[in-house]
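One structure coming up, written as structure tokens, with questions to follow.
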Amino acid sequence: MEFEESGIGEECGVFGCVAAGEWPTQLEVAQVLTLGLVALQHRGQESAGIVTSNGAPSPTYTTLKGMGLVSTAFSPEALLKLRYGNLGICHTRYSTTGISELQNCQPFVVDTLHGKIAVAHNGELVNAHALRKKVMRHGVGLSTCSDSELITQLLALNPPMEEQDAPDWVARIKNLMTETPTSYSLLVMFKDVIYAVRDPYGNRPLCIGRLVPISKLHSPGAGEQDTEGWVVSSESCSFQSIGAKYYREVLPGEIVQISKHGIKSLSVVPRPEGDLPAFCIFEYVYFARPDSIFEGQMVYTVRQRCGRQLAIEAPTDADVVSTVPESATPAALGYAHQSGLPYIEVLCKNRYVGRTFIQPKFGALTDNFAGKRVVLIDDSIVRGNTISPIIKLLKEAGALEVHIRVASPPLRFPCYMGINIPTKEELIANKPEFQDIAGYIGADSVQYLTVEGLVSAVQQGIASHQEDKMISPTNKSSKRVGHCTACLTGKYPVELEW
Amino acid sequence: MEFEESGIGEECGVFGCVAAGEWPTQLEVAQVLTLGLVALQHRGQESAGIVTSNGAPSPTYTTLKGMGLVSTAFSPEALLKLRYGNLGICHTRYSTTGISELQNCQPFVVDTLHGKIAVAHNGELVNAHALRKKVMRHGVGLSTCSDSELITQLLALNPPMEEQDAPDWVARIKNLMTETPTSYSLLVMFKDVIYAVRDPYGNRPLCIGRLVPISKLHSPGAGEQDTEGWVVSSESCSFQSIGAKYYREVLPGEIVQISKHGIKSLSVVPRPEGDLPAFCIFEYVYFARPDSIFEGQMVYTVRQRCGRQLAIEAPTDADVVSTVPESATPAALGYAHQSGLPYIEVLCKNRYVGRTFIQPKFGALTDNFAGKRVVLIDDSIVRGNTISPIIKLLKEAGALEVHIRVASPPLRFPCYMGINIPTKEELIANKPEFQDIAGYIGADSVQYLTVEGLVSAVQQGIASHQEDKMISPTNKSSKRVGHCTACLTGKYPVELEW
Amino acid sequence: MEFEESGIGEECGVFGCVAAGEWPTQLEVAQVLTLGLVALQHRGQESAGIVTSNGAPSPTYTTLKGMGLVSTAFSPEALLKLRYGNLGICHTRYSTTGISELQNCQPFVVDTLHGKIAVAHNGELVNAHALRKKVMRHGVGLSTCSDSELITQLLALNPPMEEQDAPDWVARIKNLMTETPTSYSLLVMFKDVIYAVRDPYGNRPLCIGRLVPISKLHSPGAGEQDTEGWVVSSESCSFQSIGAKYYREVLPGEIVQISKHGIKSLSVVPRPEGDLPAFCIFEYVYFARPDSIFEGQMVYTVRQRCGRQLAIEAPTDADVVSTVPESATPAALGYAHQSGLPYIEVLCKNRYVGRTFIQPKFGALTDNFAGKRVVLIDDSIVRGNTISPIIKLLKEAGALEVHIRVASPPLRFPCYMGINIPTKEELIANKPEFQDIAGYIGADSVQYLTVEGLVSAVQQGIASHQEDKMISPTNKSSKRVGHCTACLTGKYPVELEW
Amino acid sequence: MEFEESGIGEECGVFGCVAAGEWPTQLEVAQVLTLGLVALQHRGQESAGIVTSNGAPSPTYTTLKGMGLVSTAFSPEALLKLRYGNLGICHTRYSTTGISELQNCQPFVVDTLHGKIAVAHNGELVNAHALRKKVMRHGVGLSTCSDSELITQLLALNPPMEEQDAPDWVARIKNLMTETPTSYSLLVMFKDVIYAVRDPYGNRPLCIGRLVPISKLHSPGAGEQDTEGWVVSSESCSFQSIGAKYYREVLPGEIVQISKHGIKSLSVVPRPEGDLPAFCIFEYVYFARPDSIFEGQMVYTVRQRCGRQLAIEAPTDADVVSTVPESATPAALGYAHQSGLPYIEVLCKNRYVGRTFIQPKFGALTDNFAGKRVVLIDDSIVRGNTISPIIKLLKEAGALEVHIRVASPPLRFPCYMGINIPTKEELIANKPEFQDIAGYIGADSVQYLTVEGLVSAVQQGIASHQEDKMISPTNKSSKRVGHCTACLTGKYPVELEW
């Protein structure tokens, strides 16, 4: 629960959709895009952008961008402008740099000699600084500090363009991938095609879904011939809201072409020999919506397993187990089941916390725990200033003891691959008071899940599910399991250049 | 959970505060009022109003009113104007009539020969129509259709005023109470006093809290001499956020005077011989926040008991018990404990449901229940159009069976005492399809809690708690237990005039 | 020009319209009302209100109120609600008291035993304080400090109402007029009738126009049978924008009934023996739009005559005459014609003066006056702080001399009849520096028009026009000429009670 | 007056300021910039942008952009961010293309290998299309369709950049000027310098002013040592509002460097042999504020001379001369003086024309002209649909005859140098009804100023003033007189490429 308050944030969510068949299709692409984007809203609330193309040989692109939530960024009148799109990509952005300007809002669209391309990006290029220099040395002025603009200019630059040439965007994307190893999940739209790209380490998620007519959504015999269109998204939770079926993940290093004719895997750019995949383990711990599926398993299930593992690693002599609602609830239920202690609610959320007033976020359900020893499960303690008043509230309301069990290891290191983590100095795990964290926050005891426990809780689900559910047509090696735990361990998947 | 979507609504929440001691006191009354009001926001989101008085012999009243939530209705600049108040009352309003104008916003303030009075009202006068005629026959023009204006004009009218007379507001309030039996919880502010009034049937809630210095909030020896001020509120949940201690309920028929000198019970107007109190049972079932206390018991506990009772009345042959989050969760946990079935989560809430887009409110946590028989607890089924898509979602995601158990009886009758209930025709319990409600909503079975079960779940807690916790200094008879169940049974506490 | 900046303000503008013939008529009453109200916007920019009635036996009233200009106060969606009106009244308000709340916004509508009445008022009741006491002694609470609410409650109170009685609003209006002599121009709407009322002194303006089909607007043979409806307005300038023909003024003391059947003079309540009419002379000097007609003469013409009179009273040895645009231009042209000096422009207005920035309102047209002696005509000097920087600007740009000639006498006394004038202490004419006003503001000389000169400039036009243009069917005595000059002379038309 | 309604528009206004001396200086650069920009608001109301630099060796740039008027585009909070600037440039934009997006808002800022440059541009590159191709062929993606982005990328491209090189922006600007002959007045900011650039034809205006301490503003002995800073602006009217003294124009083809050390003319790029300067004659006729100075003469004076010339070319047998306020007033006064006919006002402007309502913009001052023959001077007739209802209004109010005299020649050709003119088809001068324009608009006669008359009215003022007032240190040939009259004659100063 502390994550919510901590300023930790994912860079972005990306979403795309291509209608099957010739334009004008029946599919309301603009509606699919906005619904899909709303379902990714938890990945970024600062700004939102949508670009659609009507898919014609000389296509018209329509761009909408706005600050804030999707629902406020776009007026119904503005959305009408997107009506004639046959395909489109969209993006929702988290403010990482504090520069919250409309001009940093994605997708980024530029005109090139071969026509307009639009790019939506989730992640952070580890060698962005060197790449910016390279582009500028070529005489290109960069108007924003966003990686997305940098990517579009890199795509335009290399190789040099001639009007008479056919535009080979796949070659340009491969060039790009050789210049920067991670971290990116990209959607590149050109005329009537979307290229869905995941970096060779698979650091950020990206998956594909199939739009099926409502009438056939649950018919087992519905084949690909019934496809109304294809969607691609940072998370599969966005598929439910648009009636799409989960199809598969884009593999680490893969370039998938999505067009009105269907999907096609064009290439899988390999990692350096010996490197494991490095999917961000924090997607499981915190960022993703619990109903999303990564690597063949539901995020909620992983969180519940973390709770079970925590009960094994850090058992407690107490009367009841409870949660800091809502994000820690699966772990709390897992802890309760594993430990055999009864699960109760101790806090009720106040839905109307005002922006203007400092209003407590929770009310205490006093009669549920007065006179009892409580194990309170939280998903994280980042700065320590959120859990402290909750413990005070519970004790004042009559809790005999409050034991904090945290369903993830302490954050200790910065992330250079797209996650906004407080500075090393701000992280409680790096402060002297961490030595007596329980005393510092007023708890009777505090224990964290170990890194090994977390990795095990994540990976044991992959072992059992991977084989039958995940489709990986071309590159067997990419299935090997590995996760980025840099923020917990300081071990980064690639060497960092600065 | 259906209540939220059903348009069922409480009329209002009222809140008041008086600083102890002489003006200017240390207490930031305006801040206490706004925090208290935010905590009652669930009782009305249409508009909000605050009136403060500086408590001087010729006091200055300051009034703020605005549409929408408290946090948007008042700008920080506007709140500064209230700064010099020594006491004040405030109000948050639910839109019942569709006439959502600022002029209907309470508190209502009028100037009289004896000075200004301000009135905040929760409830609905059963004989409002006849009273309006009476007032207008006297030559008074009424500028709104609100009961609150009617109450202020009735207070001003009877008896006739002379400038030289001392203003006897208590006599005027008693006159008012003889003219209208129910339903009202009132705050009447005049100069430096607030009168807290509850109708003889106690139909709407009203309780008193004591502001204690933070340093002494939990010291057992803190006596009344440490009081910084008094607060009065529709619900005790508002006390937590301002550091107030629950003191007691205002009794049915009681007039309590609250001033800088403390609180004083002035009178208890009796009910007709033989009539029981008629506290609205729906406050327990739906309106109140779960951490509020009525009649000596926490609302959450009552809801949990409803779930237990439901498990006894309507047992199910199933694998798991779950909830439609969040309002049905206490009942679901009660049902699970009583039945011995495991409690799991099947739905995750989407926090970013847009106003512009029809976005599903829930995602399915598929892996938790696929292949299982689910008992799904809801707090109500009013129109039947909310639960139906949830059942569909669960079944599509793989639930073998979905059995709906509703932790309250079916609504069948209109309320004339302040609750906005859909017309009789709209209530599903009055429709032909109610005969096969399970088929209609797509469930495998549906069962409701009985009225007797609900009354028992409510009243068994009063029996055990009442004696030691509730203070009722003057009127023993008012303690006798009784509740208004008119919307369930059609039995109204008073005869209705129209 | 200084008036604009001085905070001097009229209380209000009122406007009404009744469609001829049975409902639903062709006339778009809501559009006529809003266009008419926009044309009165110079009389009040604080808030605006419109009430329409569909004119049925049990009519529906629709009310819109909003803060700010008419164009921003009402959204197009809101205006649609007024669509079905057959008649209506509206009001635009100037903020005199600083209490700029929506609840003080007129028209005021109240429900009485005989139905709803709506009142729009321009003016200020000289005995408002005593009347408020009287109403409150009767037991009526007053919810605002506006005279308009007071007038509605007085109309409702006297005589007492019985449901079976026919409502005699004319008798009630006459009762009201006996209780308060001035100052008011009133529109009272009840069901399908508007009563247009002017106080016996005729202190505020009110005139009637006739809506004629566009096709017959300029046909000399168009008779009353071609009337589409009637309008009533504070100023005739509002008739041009709606295609209405000026019909006549409402006379001092007159009650005119306007209905779908036409207009009818019901009564003329007389002044005390010997009292002259007291039409506010400042309507000519400042408030009214120059194209409005009062007492048979165009306001622009009166202002031009003031300029001529000023040239006679205060001739100047100079090279050119100019104006502080735009309000002083007619007087400047009059002065130039009378004096024989050439008229030039010395200032150009900056249309984009920002609210955020202190931006000079004028640019100097240097080449027009460099090296010349300038007579600069202004319409007033109230506080002296507006003209001073203009004189500085002209001198810095090269004017040899700047002589200020003011086309009205100095303001010296407060107004109790509806005009908001700075306190006596703030008026420059009452300050020591007035002794050397030229030195104080940096001019080479300053001279004001005399009171006698102003009265003569106003009244000489009435003498010549009145007989043939003004229709006054019933009361010959009301034609006698007289004007209120209280703010200039301290001679008030009635004794003031406080 | 028709221009206002016609959609004719200038592209932009540009303004810059550099504080003299070392940072932090006393000068509030941000305030000078905003006040200067407000004074150019008539040149563009669509959007506004400001960029400041703190002038340090590694400077921080702060950028603000917003839609609408300067006063609404920037909140006071936002302006605070600019506080620490030592120099800055700003821009106000007119919507020419209908694409009114924030991303087209100037100044355009890009990061290059040598640091950030900011560009503000007034004008339109005649060969923009070819230049875009060229840039894109180099592999640069263009994110907007604005010339300003194109100019920044051209500056960055040529010659190729190396980090070790010193950045020679002047050489880059000269390169740019060889690639595009017109039309541009540019401000280029880099670190602590602003380069002010005018194209070789001098098509758009640009002039320099000197900020002098208020105390010395009018002291004849104030020398350059008293300079607080330098400003550069599209028009000198912006100098009055900030207390700056007019210094001189930037010459056609000149590059002026403005820094904390003062101003320095770096170069004057010549025109092709034989080409005259081509300052846009429409700046005199319509765009500029009347108090601005071009080529040594006040714009108001030129307009007055146009009126005199018109009276010579098109005399009228009439009784009075009047104006369509406000833009035609100088010409009307000139016509009146030349013709000897009296000048009167016939129209009063309604200040409160609502956006929501179609409200007449003028009221008729009937008594001034009823029964008379009126010569009405307008500054233009573009489409003919604005003057027509005015003539109707005057005739209905009693004018015997209405003769229209237009103080500029008819518009017949499109502009490719920055002015948005209706399509050739929409211009009334190209329509059949122009043959009987008087009949078409309902006038008794219509006559236009001739092109020769206009050119003579403009150029006779230059002859007499130029020598002593205009400073042109380096390039004698650039003083030769010439103006662009392409929109009137179809003779463009350069050959157009498409």
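For reference, chains read A, B, C and D in written order, and residue numbers begin at 1 within each chain.
As a convention for this text, a contact is a pair of C-beta atoms (placed from the backbone, for glycine too) under 8 Å apart; a residue touches a chain by one contact, two chains touch by 3 or more.
Quick caveat, the model's predicted, so the values are computed rather than measured.
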Along the graph of touching chains, what's the shortest path length in steps from chain A to chain C? 2
Note: chains that touch chain B and chain C both are none
What chain is the most remote from chain D, judged by the mean position of CA atoms in each chain? B
Any idea how many Å lie between the Cα centroids of chain A and chain D? 50
Whole-Å gap separating chain A and chain B, where each centre is the average of the chain's CA atoms: 40
Could you tell me the distance, in whole angstrom, between the mean C-alpha positions of chain B and chain D? 64
Multi-partner residues of chain C (each touching 2 or more other chains): none
Chain C partner, complex, touching residues on chain D are 31, 34-35, 38-39, 41-42, 45, 69-71, 74-76, 79, 217-218, 237, 240-241, 289-291, 297-298, 300-301, 326, 329-330, 333, 337, 342-345, 348-357, 359-360, 363-368, 393, 396
Which bits of chain D are touching chain A when the two form their complex? 102-103, 108-113, 117, 132-133, 136-143, 145, 149, 152-153, 155-158, 160-163
